[in-house]
Structure formats: structure tokens, C-alpha cells
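Down below is the structure, laid out as C-alpha cells.
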């Protein structure tokens, strides 16, 4: 499957990935509108961690043996059969936070409404995830695992 | 497979589903028979409180999709109880008189709720345990048919408090009766319990600690109230016993399988009889942190053990590294997570904690030999999994101890080696 | 810090309707122009320190930021221009020399734009480079006057050629030292040179150990500071270059401030960490042409005559005589760096007032060497303000064997010519050693962009050559028949030895 | 006649290889020229027909054959220039340089002859025989001299050979003596050319009366010059004669390259440049003929890459050293010398060239029809490949006979 790889030596900490993740998952998908008028913003599925000049963007690793899927008590957290991505079906999520408890990279977060979790969905349906497409320094790249 | 007899699974919950996944990862062909006492499609046991509260409907109770059995080649025999395992002939008998052969067997019979044996009056209408879908249905129907104004929940543990949450949601005045000195005593320390307690009280919940029910009072066969040991009388129309579950080892013992408090298995989840595996709430799990074997009835463990058992049933060589006790509970909107040893006693433990009264958020880390062995998060639970990972991997945190409780603690605070490890070389280049 | 009387050069405009307070600009500006006020939840800007590098505007996801020239106008004055006044204010404030980065920003003598190229019509078919071979392969180095054949020699050939640099296109990356530019920028230049079959130049800062693997595509410089020069250095390259002068600051040395001399640069330059790297104005072992000859041959001896030795001179008034002398002193390649050549730091007055433009210098040198019958003894490389493939074609037609590009390469990597290289606060991660800033230049992207630039130029050069009916670069080289001057005086045409348009 | 002034400096001659008296006065600055000898920097552009016939055994034959061949390609010329070169036509003066000279008038004759006498002894001279023709209206005085170089001249320029002195003298006359133009200077050969269709020029010069073992011919289609007799082809220097069809886009650098080597290139024609290049490479640099052709139309680098090592080294050396001699642009060239002729195309063959053999005869022409007109049943007939020379050599012993 395709995975998002973060190159921390190239990450410049601009946080455009977070911004564009939010836009991509907004209702309008228009940046100004998403930020200025849409009320129900998501929690970005990508998070930039920063310490001094070291920084990197991290999102769900879509693990092969995903602890979040194993821990999910409702079956909401599941693997998409075609892409291999680990996705959360928010209609089935009840917000028990088991996934947050077990994710070793801390890539699952409570959603903005604090009812269900929010995580990277690899921008299913897009050729390239928004964070990758909008990273100005190619610090986040999409690579085929087999390569 | 040389043995074409089917795999047989007794049980239908997380451990059973994990076993199916473990088998099917490597073997798409050998038939699987799954026998379960409950007639339901595999469902999520923890969701019964949400069902009761009306937050999820029956369809959303399902743990896996309707096509789960079909897609995985599972012959599901539901609503049928296994009455005997014949380890010699490799068959099981069921209460409908049938006999099923197996090549390899998985026992995932789970736990049974505890009800105080010598307590008078528990046969009154309105007294329930709370572990199955059926329990939830019955309570729901009781509430619908009876004018339930007040309820008492015995047990301030996880199940009890989730029941409380549901009842609060339904507008029922609820009182918790807990024998210990605090709620969630198994996983919370005093501070966390107090934070949670304050929160619950804010929702109108009454809590009685250090006491228990000494008598259940009925009226014309209907529940009328309870009398506590300390003399308090609590009138109620609904009483739920949630004082714990014990491994349901009856079948295993009958088959001569070694059992302690639960079924004893090796790290590959095989029981004392070759070809018979066990997983989930029914087994004794080796505690990752203490090494002691004890029942550890939590869902991620059950799934993982099932997966390991399934993989080994088709010739895999997976071993469990041991279970880590942990729980994530959202109590009426207050998120909490607890992992590992949370209320240690002894000089070898170091405690790091921070409490923010204003936001009601509490974080506590328990360290031993510069390694985190326990953690509690109340309120601000973001990225708690990173700590779970550190506990599980027994990472030496002496190099970044002062960062552990900082607001922006993250992977970046961790040593490069560990960072590389957690992202399995697939992510961050270090 | 706003200086008394020194007014901002730029005005930062923020469109409040488009700004989403995302703070990308705040995080990207090394000059602290943008600031986020958490109380107001508002990003604000202070134009006074803006250098006009466009980093913020480029990365702003909503296009909310615009940088304009400061609208504050002085009363127009022919002599006392705004620039003049500002310079005086600055000097009155600081008592120091005015410094600038990059080549002169005065529009002076860009004669490339006054020369036009030829193309075939009817009598001579143009050649389509997409269908026919079009050769840009260029060899730099000393050539014999003729090829000799002798009975008994293998294949009859008796001539043994001296070492030649083989270029896939007549464009090289000019000297930019590691130190003046970042590690990533140096790496990208070396990688791009290798990928495109040309050469990058170490500059005078030594060769970082990591770059030795690019030796086959590196020209290493021996400059007046002799930084990083030892016998390994001399042998880890394809060619050597003695730097006598630089077009941006003829007659002036260099100065890399100690704060930029970190561990890696200290090791590469072979100087103590934190010390200023001072390049003297002259080589103190070259006070005359015969000294140059000694150095050239010392370098040849050190490298067993296996590598061409280039001599780089700034285009000054008597450039052709100096070039001729250099050839006769043994230079295999003569590099002429024109008035508009780039720099990391130069005194502004020097940069803007010393030297002559490359076009005239090149034409004069090529003619002079031909007149002396020694043109074949050395290749000519033109540098200093080559901006496009058209400039390359014109330079080759005037007589250059190849050109060096510096600024164009930096621009390809992202440079916006804010001219503040000397501050070390390059927001594009190029002319800086600040780890916060150097990260911004991903060498993979920079390499790709450089390769793209050279590829694009190669395509354009081929198209232009094809249009002229020429399919080998040597038929363009020195072929001034294909140039016509527009708006040049007779005297200038005479020096360039090209005809006027219409002739 | 109106004088025109050229202000464009020309390269190389100003201070370079001054070689005594032969180089005086040509400073590259302003100079005055007459329109009929357009020594300007305006380059001559033309399309053309070319043909050549060689008897490799040295058997001499009359001028009708080559005339028929070139007449066949009438439409490739426009009447503004035609010419021929013939080898072996002066057996009685075989060891003398045969100078064919055009004069504008008596003053030119005086000046020209005086200059010739400075360097040469004139053993014989006569007007070139012509046949008055209605179609050939305006013509210069045409005279020929059979000369040898004076011993004093050789002594004065001890570093030069006889050939060098003739070359410099011819260039000098052509560059600076008004109204005088030497258009042929080889031994036992001659160039005949003028303004007109080539078949008319042949008739005018009575070529059927000459016998040669090698004939070349040229019909011209200039696009930018007024007719000037000297501008017709072939272009001759010593016994080199060159006819060519095409336009050399590398002219600018070829010319500068030659000027630095001491060739003034005053005529602004490609043919002149090609001729000088042959002279430089073959006579002065002593390159084998194939190597010289390789320098002028070299293989592509991609082809060189694939060559066997020794060949590759040679080709590489030639390309690297002789970049300034590379002829670029479309052309087909026929270069002739006493010992044979060589035909070749530009590297990507942008102009036509056909060759055929029968018995001892080699035919080269722009069009196949021209060859079939004079040889209806060739043994072999082929189209020249780009950059690959077709060489015809006079066989040595038969040359002796001739």
C-alpha cells in the first residue's frame, strides 16, 4: 500500500499540512471559507511536532497490525480493503478512546466535537493526500511500500 | 493443512473474532465452526451501556459487519451452548444434542458476572447484572414497563459506571454503592477517583463508598429498595449488580484442562491440552509488568490473544508478550485512561503528576527504575498511547523525564532510536 | 530594529478578508516581520525589517500577503535619488561600508538584450532538434593547433590531447563556497552537475568530505585564502580553478564571518571553528604574471598534469591583455567574470562601480586571443549575469566555450534576489548556515529544479541552434555572423565585432 | 562605379601573422571597393547545381560531356553564374602555375601584372580564348599567365614554400588591387567561370576544345548578389577547386578560424571558405583526406561513442581540435585537386548528391538525371550519405602517363 513518509530533515515546521488537512476535510474545501465561516472544523489528522529546529509532521502510520483496530470495541476502526488504510467509521464510533490509549504514535485524537475520534484517512478518493500535495518542501511524501 | 477437521471456536466476542482474523490471515480454506450461547451476531459487549442509553441502535451493536461469518468462511452456530468438550475424540457436544468435530479448538467463553450468593432478595423483579445484550434488553424493558425513578448500581468499577452513565442519560437518579474507598479503585488512584467523583456528582450521581448492600428489599416480588451495611436505606426501582466478572471455566475444567482463576495457557495461548487454545476473559493473562498470572478482562487483550491463538492454530509461532491492564472510559463526557500500575506502594516507585483543578484534568505517571509502569489520564487524554507504548516497550525515560508531563510532549521528545522503532521505519527518518 | 531616518524598503500588505491567522508567515520570516498576537488572535506585520524575499507571500496558503515597494516617496531628484539618500542615511547611522549581496542591481550595460540572433529562412533549412541530432557536447581545455598523424602510431594518430572537461551542455555552475551557501545548496549543485553532465565549482571554501564523491563533476577553487586546499583537495576534482578575481568585487577579498564557521565549515575550510575566514584581496604569492605561471604549474605538478587548470579573472578594463597573459602563463581555461557577476557579500560601491560587462570583455578577449593565434590554447568561460538560454547562445556566439551560472542557479533553487545574503538570514535556506533556515532547502527539490533548468535551457539552446541551421555547438562558438546589434553605437558594434541589425 | 565603404572590422589580420610584403596594408579597417568586386562583409547566399566527372585512369576527354551534364540541371541555376574546373588541360605548361585573371581595364592590368612580377616570372601569357556570344554581354578582360615563383621571392620569404607564396600573392591581389581578380592558380588545370548559365559559359570559353581527365561544373542560383564574374564558381586556389551547393551556417566561425590561420576570406562566400579549409587541413596541416573530410563534416558524438577505440580516439581528437572547421548547415561539396576529387554532404544530408561509376569513370552530380545524361548505364549508382565522403583518385601510374 501507499504510505506517507515524513522526512524530518526537510520539515520546516510551516504547518501547511495541518492547514490543508483541515481544508480537505472541510465542507466547502475552500480554504478561506473553511477557516473563516465554517464552524465545525475537524482536528487535523496530521500533526507537526517541533522541538528547536527539528520538526516533523506525523499522521496515522496505518500499521499492518494496527493496535487501534484490535482495541476498538465497536468495530468502527477498520482497515479499508482496497487501500489498506486504517479508517474510523465515525457512525460506529462511540468515543470510548481505546484507540487513543493504544496508538503508540499518538496519531488518533478526539474529534472537534469530542464525541468520536479523528484521524488521518489518507484523503481517500484523492490521488495524493492534501498534506503531501501541499508540503512545500517535500518533507511528507507518499511512497509505495513495495518500492 | 493435513488436518481437514474444522477449527472450532466456542464464543463469539472479541477473542473469537480475533481468532478468526488470526486464522484467516494465513489460511483461507480450512472451515471454521463457531458456537455461541448467545443468539446474536457478534456484537460489542461494552456497547450495551450505549444501547441502554439509546445512543446506539441494535444495528450498531454489531462488532463486525453482517457478512463477517460468510466472508471469513465461518459456520456460525448461534444460540447453542456447548455442554462438553471431549478432548480425546476431538469433539464437542451441544445442548441441542449435536456433536461437532474439531481439529483445533479455541475456548473463549469469557467471564460470568458475580452476584453475591447469600444476599437476600436478589430474586426480586428489577434486579439485574449487566454484561450481555440480553441484560441490556431486559433492563431497558424493565425501565419502559416500570416507572423507574431511582436506581442503585452496586459496584463503582468500569461496568458499574458505564451503567450509571446510561441511567443518567435516561434521566434516572442513580446512586453508586462501592465497597472500596473510591470509585474505579482497580485502575484509579485517589486523586483521579476524586476528579471523576466530582464530575459524576456534578451530573447528579450519588456515591456511597466503603459500604455495600446488605439486603435487597422487595414488595410483591418487585424491587423496592436496598439497605446498605451502614444502615442507609435507598429506595429504588432498579438495582444493577456490577461487582465484577470471573472467568467462565466450567467447560475447560470439565475437559480436564488446567485452570487457576482462569484457564492456564502458554504464551502461544495453548492450554494444557495440545490443540486446544483459549483466549479472552476466560484465561489467566500474564501481566506484562508484574509477571503474575491473573484474569485481565479487557477487550484489546482478548482480541490480541485470539489473534495469536488463531495464528498459532494454523502453524504460526506468535507469542504474547503478556497483557497490559488498561482502560479507556468516557464517563458522561469525562474522558479517562489508565494503564498499568496506577496506585503503587513501595519506595521503588517514582510518581510524576500534574493536576489542573480548573480544567479537571489530571495526569499521573508511575515510574520504576526510570521506566514508566503506569499512567492515569483524566480529562486531557491526547496522545496517551505514546505512554502506553513507553510502558509496553519498557523504555528508559531518564533522558527526557522532565518533558513527560509538558503540554507539547510528543514523539519528538523521545530518543531517536525509539522514535524510529515506533514508526517501524515507515515514517520518520532519524 | 528601525533605524532613525532609515525607512522601510517594503510595505507588507495583509488582506484581512483572506488571512486565516494560520501563522505560516510568522513561522517563515527570519526577519521577524510577522507576529501573532494571541490576545487579539491576529497576525500583524511590521514592514520595517522586510527584505522583500517573498518567503511569506509564497507560502501563504490564501495569498493574503503582498509585498510592495515602500510607497513613501521622496521628492523626485535627478541626482539625489531615493537610493542615494537611503544609502547616506544608512551610512550616517552606522559609519560602515554599505554591503550588498548578489550582482549589481543597476541596469547597466546588459548588452545581451541589444543583440539578436539569426534564423534560417528558405535558403537554408532550419533543423528540428526533436528529429535530428543536436550536439551541445563541449570540451574545455587546451587544444593543439592541429592533429598530427604518423605512420606507425595506433590508428595513425600521433596527437595526444591534453586533459579536457567534457560538458553535456555549455553551462556550468559557478563558484559558490560551502559557507557562503548552505550544505544543501552545495549538495544540490553538485548533484545536478552530475545528473546533467556538467560541473559545479566548490568556490574558495574547500570541499566538504561528503562532496568528494562528486569529484568527477567538481571544479575546485584555489583562491587567495587557500581555504581547504591540500593535495587531496586538488586531486578530488575534475579541474582546478585559480581565482584571481570576482566580477562583483574586482580587487576585493572575501570575508566569511566567524559565526558562520561551524564545525563542518571549519573542517572543510581547515580553519578553527568560529574564526573569520578572510580571503586577502590579492594572492600573496601572485604579484605578477610570472607568479601566476608558477602557481599554475605547481597545481599541474600536484595533479600530475591530469586536470585542466583554469584561471578566473574579473572583467576589468584591460581584461584582454590579462586573459592573454594568463593563457601564455599556462591556463587551460580562462574564466572571465563580468561586472554583473554575483556575490554573497560585496561593498555596494565596489559592486556597482568597478569592472566592465561580460559581453564586451568576452568579445575583446576572444578577438584578442584569435589575433594572437592562441585562442585554441585555452577555453573561454564567460560568467557574470547569464540569465537565460538566450544569453548562453549569445555568449557562445561571441566566443565563449561555455558559461558559468551562479545567480540563475540560486534563483532556480528559490532565491528571490533580496540581496541580503550577507546577513545569514536567507529565508530560502540558501545563503545561510542557520539550521532553522537551511532545512528549508530540500536538496532533492533543489537538485530537481537545477536539473530542470539546465534541461530547459538545453532544449532552448538546441531550438535556437536548429533555427540557425546549426547542429553542433562548435559551429555556433565564436560565430558572430549570427548576432546583430540593435541600439548599439558603431564603437560598441566594433568592439563586439558584430553587424548592426539590417546589415 | 559607386564606391561602398565597409566599416566592419575583420578579424585576425590586423596584428597577427604579418609575413612581409605580402601582408602590407590590409589593416582590417576601412577600405574602398568597387561594386563589381564586392569585397564586403555581406555574405553570399545561393543554391546550385554541381557536377564532376573523373577518369581515374587519367584518360583525358573534352568539355562537351560535363557541359551536357550540367545543362541537364538547367533549372537549378538562374543565369547569374556558371563555371568549370578542368584538370590536365595544360600539359605543355604542366610545371607552371596557370593564373587565370579577370581585369576591369588597362589600369587593373598594369597593377595586376606588376604585382605578379614582384613574385613570379611569367613564362607565357595570352588572352583566354573565348567565343563571342549574344547571351554573354558584359564581361571582364580575361587573361592567363604561366608562371613560376622568383628565387628572390623565395629567399625573401624563406619560411614559405612556392605554394604559400602563390597563395598569399593571389589573396593579396584579390583583396587589395582594384579591378583585378585571380580566379585560377593551379598547375596544369584551370577554372573557367562567369555570369550566365553554365552551358553558355562553356560555349563562351570554348571548353569543347580542352581535354581534361577531371572536370567539375557549377550552375548558380544566387539569391542576393548582382552578377559578378569573380563570384561564380568553381572557386580555385592553387590546384584546389571547389564547387558547392548549399549554405554554411557555421560560416562566421569558419571564416574567423581561417583568418586566424592566415586566410583573409575576402569574398564572403562559402566556397572560398571551403577551399581554404581544404588547403589548410590537407596542404598545411597534412591531414589525410579522410581526416580532413571528417573535420569538415564529422560524425556525431553518438556515432563516435560506438566506434572502435583507435577510430574513436582519432574522431574525438579531430572534433575537439577542429571545431572551428566544422561545416554546418546544408551543403553538397565537390572539391577537386590534380590527384582526384572528393564529394561529400553535410552531416545530416540536407542537399542532394548522387554518384555513379562505370569502368574508370566516377560521376558525381546534384541529380541522377545529370549522370544518366552522360552515362546511361552506370555499373553502380548511389546517393551520398551525410558526412561520408566519396573519393575518386587518379591512379598513380596513369597519372604519370597523363
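As written, the chain order gives the labels A, B, C and D, with residue 1 at the start of each chain.
One rule holds in what follows: a residue touches a chain if its C-beta (ideal position, glycine included) is under 8 Å from a C-beta of that chain, and two chains touch if they have at least 3 such contacts.
As the structure is a prediction and not an experimental result, all values here were calculated from the model.
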item	value
Nearest-to-centre chain - CA centroid comparison	C
Interchain centroid distance [CA atoms averaged], chain A/chain D, Å	79
Distance from chain D to chain C - Cα centre to Cα centre, in angstrom	46
Inter-centroid spacing, chain D versus chain B (mean Cα positions, whole Å)	104
Chain A-chain B separation of Cα centroids, rounded to whole Å	28
Multi-partner residues of chain A (at least 2 other chains)	7, 9
Interchain contacts, given as pairs of chains that touch	A-B, A-C, C-D
List of chain C residues in touch with chain A within their complex	17-18, 20-24, 27-28, 59, 61-62, 435-436, 439-440, 442, 444-445
Touch list for chain A against partner chain B, complex	3-9, 47, 49-51, 54-56, 58, 61, 63, 67, 70-71, 73-75, 91-92, 94-106, 108-110, 114, 145
Residue ranges of chain D in contact with chain C within the complex	7-9, 11-12, 14-17, 41-43, 45-47, 223, 246-247, 249-253, 255-257, 259-260, 285-288, 291, 298, 300-302, 310-311, 313-314, 316-324, 326-330, 347-348, 350
Complex contact set, residues of chain C against chain D	120, 122-125, 127, 132-133, 135, 137, 139, 143-147, 149, 154-157, 159, 161, 164, 367, 370-373, 375-376, 397, 468-472, 474-482, 490, 493-494, 497, 499, 503
Interfacial residue positions of chain B with respect to chain A in the complex	14, 18, 44-47, 50, 55-56, 60, 62-65, 299-300, 303-304, 307, 326-330, 333, 335, 337, 339, 381-386, 388-389, 392, 408, 410-413, 422-424, 426-430
